[in-house]
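Take a look at the structures below.
What follows is chain A paired twice: with chain B in the first complex and chain C in the second.
== the complex of A and B ==
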């Protein structure tokens, strides 16, 4: 597995920019090495629960980051798209609900899940792109809550309140993909691939045009770009990434129910993206890691300090509040400012500042 | 700063598991409980009751010290399984007590199958499927399920009240179906007739359509919704003229509804309900328990008397303590002896004696209450009867019960039950 991951990392950026080896900062190599040898350092819980969940939430938030950061469209539908992908896996694959699940092989239901979820996300996008700013948020939030209530009341397809259980990944190549180490690498590879894909697309003509549209749609229209089509295509691309995240999520939980895409979950994705920073594709993953760590360990932190563990939401809320207060552009913004401040610091030899 | 913090947190997280293994003379119990969302108050009462039960045993069972770790959930199955995994893999608990709500219970049944060397004792979740469909060997439930809680009410309203034609308004999700099934089985076999069934989504606020479509010639309405939904229904029903009697599901006449303001109250007096407990139960075991609960916590940090959720977690903890004492705290051999003790020893609880069947599901007592006007115009529940030894199949044979089908909008079929019974 590690070998395959290595080749993924080394081939993809090569296409993006020649001379890539020197251009990748040392920190990135160190991070890649740590990620690859993580199974030696961490226990199963950290691998499966903390990192597996981080990569999955990071991918779903990445799809929002792509829309918001490059397209200027804050969409709250990404979690619903992911959940629909997960539902499709449950319906076309195997689950404990044998009355509904069709039980197709994996190479059929995975493409179906991605395609159906992408079509759904694209349709929502087509509705939403004609609006701007807060209205985009409202229309996507409205559709997301409609999706939640629909799945909760529909028993014929979505099995209502109970949803589906016992959904496990296929046993490919004799590997149980739900055991911690394989699942860690599976999510890592998917996360790295989608990260590289977003980086690549953001530098492609399409991505540049999209960023142009974000900054000035009228001028781009005057230049002959089809603004609406570019935005809808951005939704389609983002939905495909979100749907892969949704498939991994349903495998990790082994079940899916309306609560998976409930309003809190929808908002959480926005929070993750904002915490991490929507300026660059690495932001959502940083945000997801912070979210998962807070979510997982805040009750323990509280009890360590002798407080009642049931107030854990307070800690999460305060953490997010502090971050947004001191750094509206997320952890990435904080990092950038820290670097800038270091760069501005006077040179110890000449006493001059660089700027 | 942030980075350093993050690195510390990560390092701590990675380093922790090796230290988290249980020492030889302590037993770790994880409390899996909803502390977010609609059941947060009840969940907090669950935690209090685990503490109460443990402090009554001096935090010792089977000669070993008991340690607890709380894992909060938000009632979604996703979070529940995540938290359970954290309890087992990260905190290294031996036994999990929980969860609280129905769909969480089903998720935990499936999760329990993946941890064969640990034991799960249900908190208060009441889905029938948890211990009926493909149950897990290491999942034990010492509370009655949602269908059992409805038992006894049907025959009570037919025999005592003479109400034979009933329309039903119930919540359109698994607990609504299950709780209704318990009522309907008993009701139809006693000769009652269900004229019309209305299913309303959770969180409904407008019942105008349902009230307008209500048939004229009925003796009572069965109301299987709870909390604010019930208050909304009652207010609108009162405004529309409130002509007939009411029968309540298990979660209908709870404190939120009884203490609500407005006209809802007027419709409620004389409404029979059924459930796991009766607040004025004269049984000394119950009275002693209520007193212990009231003495253990200051008045502003508890309910006036233990809630349904609290009692569930209390009974589950009693079960764990009793079984640990029986095996002298020996959890070796995949906890086999401990499970054997759990499954076979009858448990004395504040709600009467509880025994488990072959699916590790409790049989016990269901209490019939009626809403009456108490001192100062407040509404209180008064115990008017009880149905004892209600088992998982509601007195039917397992095959008959299975043939009836799982609870849904159309199950059970009332006419078929009336003929069969």
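== the complex of A and C ==
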């Protein structure tokens, strides 16, 4: 797995630096400013369909990135965890299916959704950590498809094939959270918080131990770390992030059905994480942006080239294949190599870069 | 076998009891009390035979998967796509030539060549990088699925079996005994019996090939220790090619079989990929007898589950898998490495 590279971000903000904000690179400030004023620049469609989806899929892929990048466990269960969170919102909150939905207030069903989805993800994790490497992929994929078929067959709880519709976010503080601008900020805040949380956890003792386990489980076990417990805890943490993503997803869609967590959707999350790069937490969001842009605009592009607009999956698949072939660490890896190649061109005597 | 009895007397006894009960359920006429609990015997028999036939189909798909994995440590997640592709090509061939049988060799060769191409052009370039290979197969399955959707569209196809296999045959198994004392025997589609017989023959053939021939010896040696086999002068890449071609061709043939007694449509590829995943997880990676047992267990649990607990049939499959993982992570017949 790719090496974690945090050097371009802040270095030890606790001491030696007068203010933590000075250690944040300028590019990050610029990005934050652009993100904040985005509603002035972009129209509602871009805000809701492009950025809303980017942040939501990015969060779910971020949970996969945390497991794969820091824990060395490629888990395909994250989309199912997210979908379960969404289902819980539909079941305990309000939806068009009044027979099943209980209609609790939002401050009850949101914690329930997160807790239930996290417990589910943790149980799956406890099963999956009994195996390693490619076995983990196979087992999580098998469980994810079992989840899909179960939700499709179960009508008592999950309402089977049709699922739930008319699920809207609660009207809080008199704001309609599903209108484009509030929803943009809602997803932005959730995405940024989960990003910062992942960055923070990756540098905490737990995160460092997890990365140690990824690199050499036997040595960590010999040092007295409980390898299995750390891995399961990583699943629990990742599942919590994925479940928040799932809740936002169900509000974005206003409906949820088994197809939300079908095999193609499960694979898409992996594709997003790999396209972006599973070395760093920003990767999944880059991957999600590329994926969403392709999904939104490729039908138009394909039709201009005289092909059917439905071939978007082919485009994504070929892009993914090419990336795995030539740059397994994603777009971020390509960027890093490009920077390294420029740095190598520096003059060996003066150390200055030729321009 | 005798060693197994000596080492695990309790397990042997339990297995023997289960086998005896199942045989009794299948062959004896049911007493009325049992009919009240489980329903009519015909339903049970149909579900059982459906499960065994489905298990045979799963075995065809999963044995190639497990063989490729056992030898090359390569999780070919595009295996389901090879299955579906084989089915579609088989449909085209049998439509064009009007012969069901001729589709089998044609599909086997085409899909096997595709498999060889995959092994030679894709997997050999990234040998030892298991995760990357798996990702590549995921990408391939996405691309193949979309290409097939493009070419064959979203509707479902059924391959028609030839005349001499259509219609039911009567099996020497008692279905019901009428009030008048007439004995009614079970009638079952001939084509499914043919599939079952073919799968058993294939399984025995593979076992013989693996255990009685020189190629089989090479494959078994490769499963145990690849580097050592290569070091002793065997051109292991040829063995890889042969096994990959065989496994892929088998998946293609399974596509024809699946298209004959079920149907072919987009989405079937992931269904059979999942089935072979579960089968090899339950049976043990890289083990052909394990694949057979796993396929039988999963096929039976799916069909019996569909009859007796329609909502939860998937859960049975999942519970079996979780149970095996919890108590025997390497699978029923797998070996720890």
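Everything that follows uses one rule, which is that the second predicted complex is superposed on the first by the 327 of 355 C-alpha atoms of A that agree within 3 Å, B and C clash if a C-alpha of one lies under 4 Å from a C-alpha of the other, contacts with A are read in each partner's own complex, and residues count from 1 in each chain.
The rule is simple: a residue touches a chain if its C-beta (ideal position, glycine included) is under 8 Å from a C-beta of that chain, and two chains touch if they have at least 3 such contacts.
Treat the numbers as computed from the prediction; the structure is a model and nothing was measured.
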Fit or clash between chain C and chain B when superposed on chain A: clash
Contacts of A:153 with chain B and chain C, given as first, second, both or neither: both
First (chain B), second (chain C), both or neither touched by A:255: first
Touching partner for A:80 - first (chain B), second (chain C), both, neither: neither
Touching partner for A:94 - first (chain B), second (chain C), both, neither: neither
Chain B versus chain C as contact partner of A:194, first or second or both or neither: neither
Which superposed partner A:328 touches (first chain B, second chain C, both, neither): second
Partner chain(s) touched by A:141 [first = chain B, second = chain C, both, neither]: second
Touching partner for A:313 - first (chain B), second (chain C), both, neither: both
Clash-bearing segment of chain B, relative to chain C, as chosen among 76-84, 238-246, 364-372 or 400-408: 238-246
Intersection of chain A interface sets (partners chain B, chain C): 149, 153, 155, 264, 310, 313
In the complex, chain A residues that touch chain C: 1, 74, 127, 130-131, 133-135, 137-139, 141-143, 145-146, 149-150, 153-156, 263-264, 267, 270-271, 274, 308, 310-311, 313-314, 316-318, 320-321, 324-325, 328
Chain A-touching residues of chain C, taken from the complex the two chains share: 73, 75, 77, 129-132, 134-136, 138-143, 145-147, 149-150, 270, 274, 277-278, 280-281, 285, 310-315, 317-318, 321-322, 325-326, 329
Complex interface listing, chain B residues touching chain A: 2-3, 6, 9-10, 13-14, 17-18, 35-36, 40, 43-44, 47, 69-72, 74-79, 81-82, 85-86, 89-90, 103, 106-107, 110-111, 134, 172-174, 201-202, 408-409
Chain B-facing residues of chain A, complex: 41-46, 48-50, 53, 96, 149, 152-153, 155, 160-163, 165-166, 253-257, 259-260, 262, 264, 289-290, 293, 296-297, 299, 303, 309-310, 312-313, 331, 334-335
